[in-house]
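Same chain, two partners: chain A is paired with chain B first, then with chain C.
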Partner chain A sequence: MHIHAYEKIWLALSIVLILFLLGSVTYGAVGPGVAMVADSEAQIDANALDEDDRFAEPRVEQVGENEYEAYVVAYQFGFDPSPIVVPEDSTVTLQITSRDVIHGFEVAGTNANTMAVPGEVAEVTVEVGEPQEYGIVCNEYCGAGHHGMEGKLHVVTEEEFESEDGGDSE
Partner chain B sequence: MSDALEAEETFLDRYPAEAKIVRSAFLGSFLALTLGAIFGIIQTLHRTGIFRGIIDSSDYYTVLTAHGVFLVISFTVFFLVGLFTWAVVRSLDRPLVNIKITWTWYLLMAGGMTMTGISILAGFVDAIDMSADVLYTFYAPLQAHPLFYTGLAVFIVGSWLAGADWFRTWLAWREENPNERIPLQTFMVLTTMIMWYIASSAVAASVLIFLLPWSLGLIESVNPTLTRTLFWFFGHPVVYFWLMPAYLLWYTVLPSIAGGRLFSDPLARVVFVLFLLLSTPVGIHHQYLDPGIAEGFKFISMTNTMFLLLPSLLTAFTVVASVEYGARQRGGTGVFGWLRLLPWRDPAFTGMMLAGLMFAAGGFSGMVNAGMNVNYMIHNTIWVPGHFHLTVGTAVALTFMAATYWLWPQITNKPIYSSQIGLFQVVLWFIGMALMSNAMHAQGLLGVPRRTAEPEYSGFDYPVAFGGFEELNVQIAIGGTLLFLSTVLFIGNLVLTMGNPRVSGIAETLRPALSGPDDAPEVLDDLRIWVGIAVTLVVLAYALPLAAIINDGGLLGPGVGTYPVWIDAAVGTLADVAVPAAWSLVDALAFLGFRLLDAAASGVVA
Partner chain C sequence: MSRTETAGAPTDDAGGDEEFDPVGTLALIAVYFAILVLAWVYIYYIEFLGRDLVVVG
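Right after this comes the complex of A and B.
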């Protein structure tokens, strides 16, 4: 089969581009440690979330020095808890599930983004910085009221977090 | 289009029965395009907040479902079956084996799509207890009316019969022409259809085993991750099912229109084989953000996806090289000077070239989508519709419209009413899409979600960049309006063309490739080998993920409810601002459209 010289060069450059793209993602995973939403958590009965110790009461919990876990339930048409309140400069692991249909969970303008699928638990770990209020949107169509489904992520100062935490639990 | 050469016969002259089926398929396609465009303009104005008086927000999703299904299933696939019928008959230079079989699949497809269409449009009429506001992806546990799934199944079965019809015609030709290479266009049709059989088997299984029985109440629940994965098993290759007819036109028609010849027949075959092999084992790249699928499976899918760039990059080279050859034949010189000698006044040529140019832009945003990590930034944002309006919405749709200006006279013997309007129309599409798609990409980077009636939220504002959310909305609305006008011009031009008298002497020929099929290794034509490898790759990519999903969540899911999409009483307050007059208008248009399609179909049968 005759392949023109220019075509061979083009082919070689194309393969280089493809390998570069694959390499950059691999580097992102191995180097900076960009983790993917995966199957780390076991399946769950979406009709019985009130029997699950994480999702019966959706909340934020401290699990280590400067480390927090947030258990979030997406539903038609909102998120619980909302706002999700976490202290500044901390590492937050979000566990997100849905109690009805498939939803999205996206902290608007950031790469904190996952699907919330009934029966599955998505886990996303984020680093939060300065105090700031973020919007959370459902980015998967979930029914006639989909456009009204929003939540909030409040990153607050240490002090505010302490006082609020003392205020509504233990 | 100056060179009539030795050709005297158009396709209609030579194969009148086949020309009729091609025309009917195109008419079905353009009816869907018309409906899709009407829903498109409603959507554009509503979503951007420019005008929300036509529908209320809870019905936006009926509009969105109709826009998606009519355009990406009905418009594209009906055009494809028409084009492929033309390509097989033309390139084999023999009629179809049995035209009754051909009409059977056409009517199955038309009937199936009518059923699905009715189930969607009934969502506008409160009095009818039927709705299918599940969007084009119909993710469970959102549940549509059984008619929606039934129609889809019938439509897909019809498409399978269409493939069988073309295979049968090819086998008959092979009997008559032993030891000849498969003509290029037929080769393209056959490889594309093999891909379609593999891909659509998954969605057919999903619909027939799970979704339809579930919608009929025969099974209580489904596993949302499983049906979603089966959807994307089909959902990615289907984009190549839309694209392959455009590629067929770029490879086999565009070079002749440019006055040139295809650069290399063997490489065209290689490209189609690569698409057959790589289109399907990639669907999980739509599920990078799904919990319940291991990271390794996502990585395998990404690797296959990136290699799928290869056939498209090769196509870019071949198409440009073939067109350049045409320009140099006309006396073009210089590094870029030859560009001036191309037939830019021909809407078929300019439309396809602009479509190809935009496909390159779509390829770039596609590389971002395909990157597992950068995808987090844009997943399910309006970036994604921005991307696919470049690919299916322009590379495919604009190529189909442009090709119609060339092909329609061949199947009707009627010259196009106005080439000037045609030229204006394809350029308008390009400008409208450039505005709309660019602004959609930019909004996506701000985090603006796709698939929503009201992308503005009460609790927060989007980051300000690229001119900001509001300004980008205006660009989307202007772009969308231009696209709607372009569609109106296209349909109008075609309707006026139908009023033209039949003439003779408008036959066009397609010239053979510079490097012909004899240069291609024989193995390329051995379809059984490619079927074997394609199936093996699919099994490698999907066996383990599907087994894991079923093992973890069960065939019927780990305990998930059922959520029919009837309009919820909780959002009923919004429905008070509905405009019943607009409904009736839309309904009337839609039903009228379907009647016309049926009439057209039965008229041509009789």
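Right after this comes the complex of A and C.
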């Protein structure tokens, strides 16, 4: 079979392109550690969240040296807790579920974005930096009040976090 | 197609195939390739990885 020289060039280019795309995704996973939201969390009873250890009382909890876990419940039409308050320069694992219908959970303008499905727990781990206020939007149409459904994620300084934490528990 | 059409003139075919150089097509593919590479670099490395709160787990 005779293949024209030019044809060989663009066949090679297409292979280079495929390898470049695959290589980029591999680099993302190995270098910056980009991960996917998996279905690793066990299912829960969406109708009995008030009996659930994590979601009866949506909150932020310290689970390690500089590690925090946030238990978030999405509902028609909002997120609990709101705001989600975490200290700067920490690793935050968000566990998100819904108590009614499917919602979205997107920290606006960032890569933290998942679905909130009743009965399922979505786990998203992110590293937060400087103190900052993020907005959270629901990006799955969930009913008449969907357009107004929003939450807040506040990254605050260490001191502010300590004082707010004390204030909350009183 | 050219093979069947020029079956009666094999000498023409041998020469014609080598002289058929679609430089325009090659250039078009090169430009398209460059666009795809630049778009991917922008989408993945700059927009996606450059954003805040990269999901790491």
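Quick note on the criterion: the second predicted complex is superposed on the first by the 161 of 170 C-alpha atoms of A that agree within 3 Å, B and C clash if a C-alpha of one lies under 4 Å from a C-alpha of the other, contacts with A are read in each partner's own complex, and residues count from 1 in each chain.
As a convention for this text, a residue touches a chain if its C-beta (ideal position, glycine included) is under 8 Å from a C-beta of that chain, and two chains touch if they have at least 3 such contacts.
Small disclaimer: the values here were computed from a predicted structure and weren't measured.
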item: Which of chain B and chain C A:Val73 touches, first, second, both or neither; value: neither
item: A:Val86 touches, of chain B and chain C: first, second, both or neither?; value: neither
item: Touched partner set for A:Glu123, first chain B, second chain C, both or neither; value: both
item: Residue contacts on chain A - larger count, chain B or chain C; value: B
item: First (chain B), second (chain C), both or neither touched by A:His4; value: both
item: First, second, both or neither for A:Gly33, with chain B first and chain C second; value: second
item: Partner chain in contact with A:Ile44 - chain B first, chain C second, else both or neither; value: first
item: Chain B versus chain C as contact partner of A:Gly109, first or second or both or neither; value: both
item: Touched partner set for A:Leu17, first chain B, second chain C, both or neither; value: both
item: Chain B/chain C common contact set on chain A; value: 2, 4, 6, 10, 17, 21, 24-25, 28, 34-37, 107, 109-112, 123, 134
item: Footprint of chain A on chain B - complex, ascending; value: 57-61, 64, 133, 135, 139, 141-142, 223-225, 228, 263-264, 266-267, 287-295, 298, 302-303, 306-307, 309-310, 313-314, 317-318, 321, 367, 370-373, 376-377, 379-381, 446-455, 457-463, 515, 519-521, 548, 552-553, 557-561, 563, 565, 567-568, 570-571
item: Interfacial residue positions of chain C with respect to chain A in the complex; value: 17, 20-22, 25-26, 29-30, 33, 36-37, 40, 44-45, 48-49, 51-57
item: Residue ranges of chain A in contact with chain B within the complex; value: 1-4, 6-7, 10-11, 14-15, 17-18, 21-22, 24-25, 28-29, 34-39, 41-48, 76, 100-102, 104, 106-115, 117-123, 133-135, 137-148, 150-152
item: Residue ranges of chain A touching chain C (in the complex, touch as defined); value: 2, 4, 6, 9-10, 13, 17, 20-21, 24-25, 28, 32-37, 93, 107, 109-112, 123-129, 134
